[in-house]
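There are two complexes below, and they share chain A, which is joined by chain B in the first and by chain C in the second.
Let's turn to the complex of A and B:
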């Protein structure tokens, strides 16, 4: 045997495979690859060829997996098992940060100590390379990036092995990801009975390959490799027609099939855990008994859990299992394309095999959205950025109502916040929690947040006193397009706490009042004692260049104003809606009623802007909680025009 | 909430009803944390740890055990009156416990089968979870409870935040831990998909199906899972009995047990009663 030249294709006899494992280890890498444990071929540490599943494969069907023995001596004669590589680049639990809060209310935030292992993945299939490519887009392709993922990914060398033994649950052919290896690998192997055809995909892979004792692959070997790939492809067939699937699926949001699936679906999260691309997470804090030091921990979550789309005061946007299954399937196969320019599915079949009751997505897709048009969106450019909390000091506390306060917060770093874009900030207190709060006023050296005590975290926040500190993220999300309202009339409609995020609009308009047409402000609260910003409302009402209307659902003896729903304030107003832009914020039902009333007065959907409430956890489009159709409410919203939302607006369970 | 040094310590009581004391032991076994907890809370009542008795009022009371006797029924109402926060701990207190399996059968027959002088035994016809009688502010599931969840609850109480007690299936923890599904890979029936997490998916880690110690999770789709047990080769009655463990009396496990044919409890109890009366004991010994 001789070392082959770079242009020739090398062949590694089976007896030389141990050398490859050793070279990867010599490169300082822990080798992770297939090994048999607990009745399955899982990915674990590989020190020796004896750790590999030689002569072992697996029989797979919906809800069914059994190891089987082969007559041959191959190491990689199996289709993907329960483990996916995401576990190693996107760990199931991850300490994100450490925070402290002392008895004087001083807070500090720091990163958690972290060790990024140097790994080699051995036995990566084509579908799995595609899955890693999708995760790259999710975690690194948008405006916010996951730096932990980046570091783990950069520290991993990938040895791919072409699939020759697809399972009955495989459909990579339909999703266009396999079984042939095309890109994303450092080294690619094709396993034959007597050894491996070896090619390098990157310089890092080449550095290993050139140290192997390779023969030149013969024409027969190359043909055998091509033949077994073709056979694998034939065995899989093309079980899912993906042409036009995006539109076909989204046209069936009201299919009766969703409820039928929910009769079988356990909402157990096995599909999302097994999926190599599902990326939803939740964050929680662990603290010492005094709440002085806390660790923030991120863990895999799933859109199938009850709390996933839940918000304060017991609201839940996807209360039924059928809502959650629809969210998962339509995200994976349709709205993922809108978000990331690629389907979220690679056709590995894990969700089919590992569903305890054997729900088969191929069958469900074909029933819900029977075939055939192609859709794709652009991928965003990567801008490494992750929001980190800065420490802000409470400069003033103003009690608005019995359960609501406005905190004036200043930043010690002297940044001018008066022009900061973004609609909300994540406010965090060590050992207590983190919540998204809309900015209710921008100040030259800080901002104001109006917070209502609805849960334990907001209860603590509303109890803070002057001098206390909190952690604030940079302003996040897309806010109100106030500039677009210049030269137009403006209608501002707020309900309850919804007036808080609307207040900066009024501030901005009043700062350049002459640039806007007529301005109408309508505000509804539950009772007189729930009215926010009473003095400011009075000051606004006293101006002759603003129309201000305030109403309450239930009056008391002191109330001399209007009673009834907020839309009654402009039922008989004389303004012409065709010249106006509207900004609406409040409870979901109030928004619905207001939008209908505004549409009735001639406002078109592109000129009605609403702020959507959803469960937000990370604030930057990486945890998955706040998704609505193709949107991440935190990153793409929370302010949307009705035209943007389309038929997503007002749909139940989405 | 950060407590000023002068604030009096919250008074914690531990109360036991019908139970095995295993959950109290979990508290006692918190070797790393118990002293620190005792510095921040006045543990005024803790029968497993001290015979010193102190009545309420309590800021927090942890209740172990189910309501199984008339005396316990009286006791739980008194405890509720004395407690600001009442937290039930363990499968007995939250779901009735293993003793609640008698609720599926004939209580009198059981009593006669077990005791030589059943007339001395004062027990209620059913063993019920505490929440069936009084308002419960929080619960820790499990048989026994999980130590980390107990520390989390105490920490949350002390710091004034929401305890971080997940509402997901055992499967979520099982998959995060990297375990292979025993049902899919080995055909072993597992209650994981319908059971609340909290144990860290202990049993699947030992190639056993989940026994449901933490009780049903929200929206537990028990009927779909039982159909799967049957398609794995179990008879309907066998499938039903899989739910009849420490939390079998909790809905919807209870409904599944009944729908799938019930427990052979009544007949078993009757048979034992027959033996206890002298008819079968010797016969069994000889046969």
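Let's turn to the complex of A and C:
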């Protein structure tokens, strides 16, 4: 419970409630609260008590919602409806930035004009306070923070109302979030038939409360308030045993139930849209007609959409509905804890009510992971910093293959990029789009990117000429632990485009060759004409301190090099892998085969590092696309040790 | 051309062939009797780059072990031409069809570089394996290993992983 002194508890008669709304408005706030619209109680602007759902409640069940009329005159005698406060602090669509490209190819990137409204939330339930607390951890608690969210949150005053009418779909008790209000509010109300018990939770709340015409709350009123809370708690019961749920759920990734749920699940995304904590988004550019100006827009997305985990050229890591349902449920109830130190679920029941086929997460959790305590180590941190695009100039273009080029880019701001860690950058062109590209070489005043034309954006990028300008984010993600390989032998295995992110490793080793043991570089390409960096490969091969093997999957009769899979380059080699570190990049199936062959050479999982390919958009772990088990590939990877990934590596539909 | 012919090869020649066998992963560390037996069935030859060592569909009369150089396994695809499916590197074998009915080669084997080959007589090897179970027990796992490695590789190649 909040530490509010007894003297701060007062009683506001029902007739005085309009005064509270007016005080909030006088404080310069738009009041958002419950109102009836479209057959449901939703959150909208409140100007007058008449806007509130007086005497109206809602009957809820899996896939069922109906408004009902109560005999009393209460304003807040309902359980939460389809909307949540999420939309006011994390808008469904948000302009992130504006970019321009003029007739001379000069590009510029700027912030989108933004107005942060001053709001008061009226009628926030305990589960919803918990949801806002979870969103605070997601958006403000990690290494990257969402400044728009921070501003909206800071500009909002919260008037919470204790829940007295839980729905049949509620399970806040199980999730430990309600029904009693504990923290996160500026003002807390307990509604009784004749009025409200009022307490202030913060100085800002207190400033409002002290202006209300409050009577002293009587012992009877306080008892009535406590009794109705106890009754609400009893009605909800404890339908989900959360103790040990994290481990139980992750132990059931192969449960047959996932496929059974998928037979019912429509992948309609209602659950994620209604959920007060789901935060996945996608970013797109909306261009004006002449292609000179574009607005970068972020909109809510859902891990249930078919293309959510799709990567370039149609690869999709979660093609089946069962994969996507599993992703959602295991993230919400398990890997969320690994990532943010808290469950992602508050037990509000919205996903149950608003599921058109009535899938009940309480039931599914009990069936999949039948019934120990959720850990809650807070993930504190704060380097306020979101990636922004800097303008880079194309200094050189080298064609590698028919569809792949290497762009040498320089930064005009004089920053020394050669030491910038991070594995990839988001490359953006106004009115074209933004894509994640691995750094293929670090230069003193810039970098090289090797880009293959696989989609509309990369097609434009591969067509750029010297002098063109592009936007680059600061380097993102965790790269290869090359320094850890000093004094060790190094095995580098690349497949296809996977050689590009490995090239900086070779550069780094060659810059201090004597610090490393034997170095083996093995590369597999599709055909001889798809081999990247042919001249460099030849130069490396000519050195007597590197072993270089190149093979292709197929070739015509003119190719005199090796044909076969990349693992054949080293599975019969004579070197001893027990002292080596390996760095592997390529298509996931090729990585699997390579990892098996490396294990055969004596390399243990903690010495094998791989780069994972996933759908990356935001680059900072806040859009949800690239999740793999407990990791966001963009933020926690893309380079992982095999030991770190554990059994999520190579698993279908993760 | 065969360096040795007849049932009783010279001992010193045999010792040299055993040493060559021991330097290949295919025959290294086989029991000494098995290596001696294999050496008695072996001939060593060299071929220049571009030489066709075996043609697809032909009787495979020898199991070849590449000692040095590179050979390609090719197949002709009408309207496309010769496609190299695999290259065989030193230590590995070609012409395994000499052990499996109907003893006809499944690809055309062409030397990509000057090659040095140790060739085991097919009919002689089959007769030896049928008569000498110790030899069979030692050799067949190597043959299986070589073919299994090739099979798994072919599957990965078939996936055309680098196409996207």
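Keep this in mind: the second predicted complex is superposed on the first by the 637 of 654 C-alpha atoms of A that agree within 3 Å, B and C clash if a C-alpha of one lies under 4 Å from a C-alpha of the other, contacts with A are read in each partner's own complex, and residues count from 1 in each chain.
The rule we apply is simple: contacts are C-beta pairs under 8 Å (C-beta built on N, C-alpha and C of every residue); 3 or more make two chains touch, one makes a residue touch a chain.
Here the structure is a predicted model, which means the values were calculated and not measured.
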Please tell me, clash or fit, for chain B and chain C sharing chain A in the overlay. fit
Name the contact category of A:268: first (chain B only), second (chain C only), both, or neither. first
Touch test for A:562: chain B only (first), chain C only (second), both, or neither? second
Which partner chains sit in contact with A:306 here, chain B, chain C, both or neither? Use first/second/both/neither. first
In the superposed arrangement, does A:37 touch chain B (first), chain C (second), both or neither? first
Thinking of the overlay built on chain A, is A:82 touched by chain B (first), by chain C (second), by both, or by neither? first
Considering only touches as defined above, state whether A:495 meets chain B (first), chain C (second), both or neither. second
Would you sort A:554 into first (chain B), second (chain C), both or neither based on which partner it touches? second
Check whether A:286 is in contact with chain B, with chain C, with both or with neither, and answer first, second, both or neither. first
Could you let me know whether more residues of chain A are touched by chain B or by chain C? B
So, does A:101 touch the first partner chain B, the second partner chain C, both, or neither? first
After the superposition, what is the least C-alpha distance between chain B and chain C in whole angstrom? 18
Could you list, by residue number, the parts of chain B that touch chain A in their complex? 1-4, 33, 36-37, 40, 152, 154-156, 158-162, 164, 166-169, 171-172, 175-186, 190, 192-194, 207, 217-219, 221, 223-225, 227-228
Any idea which chain A residues touch chain C in the complex? 312-315, 454, 495-497, 524-526, 530, 551, 553-557, 559-565, 567-568, 571-572, 586-587, 589-590, 593
Under the touch definition given earlier, write down the residues of chain C that touch chain A in their complex. 25, 70, 72, 74, 81-87, 89, 91-92, 110, 112-113, 149, 152-153, 156-157, 159-164
Note: in the complex, chain A contacts chain B through residues 37-40, 42, 63-66, 81-83, 87, 92-93, 101, 103, 105, 263-270, 273-274, 284-292, 299-302, 305-307, 321, 353-358, 431-433, 455-457, 459-460, 463
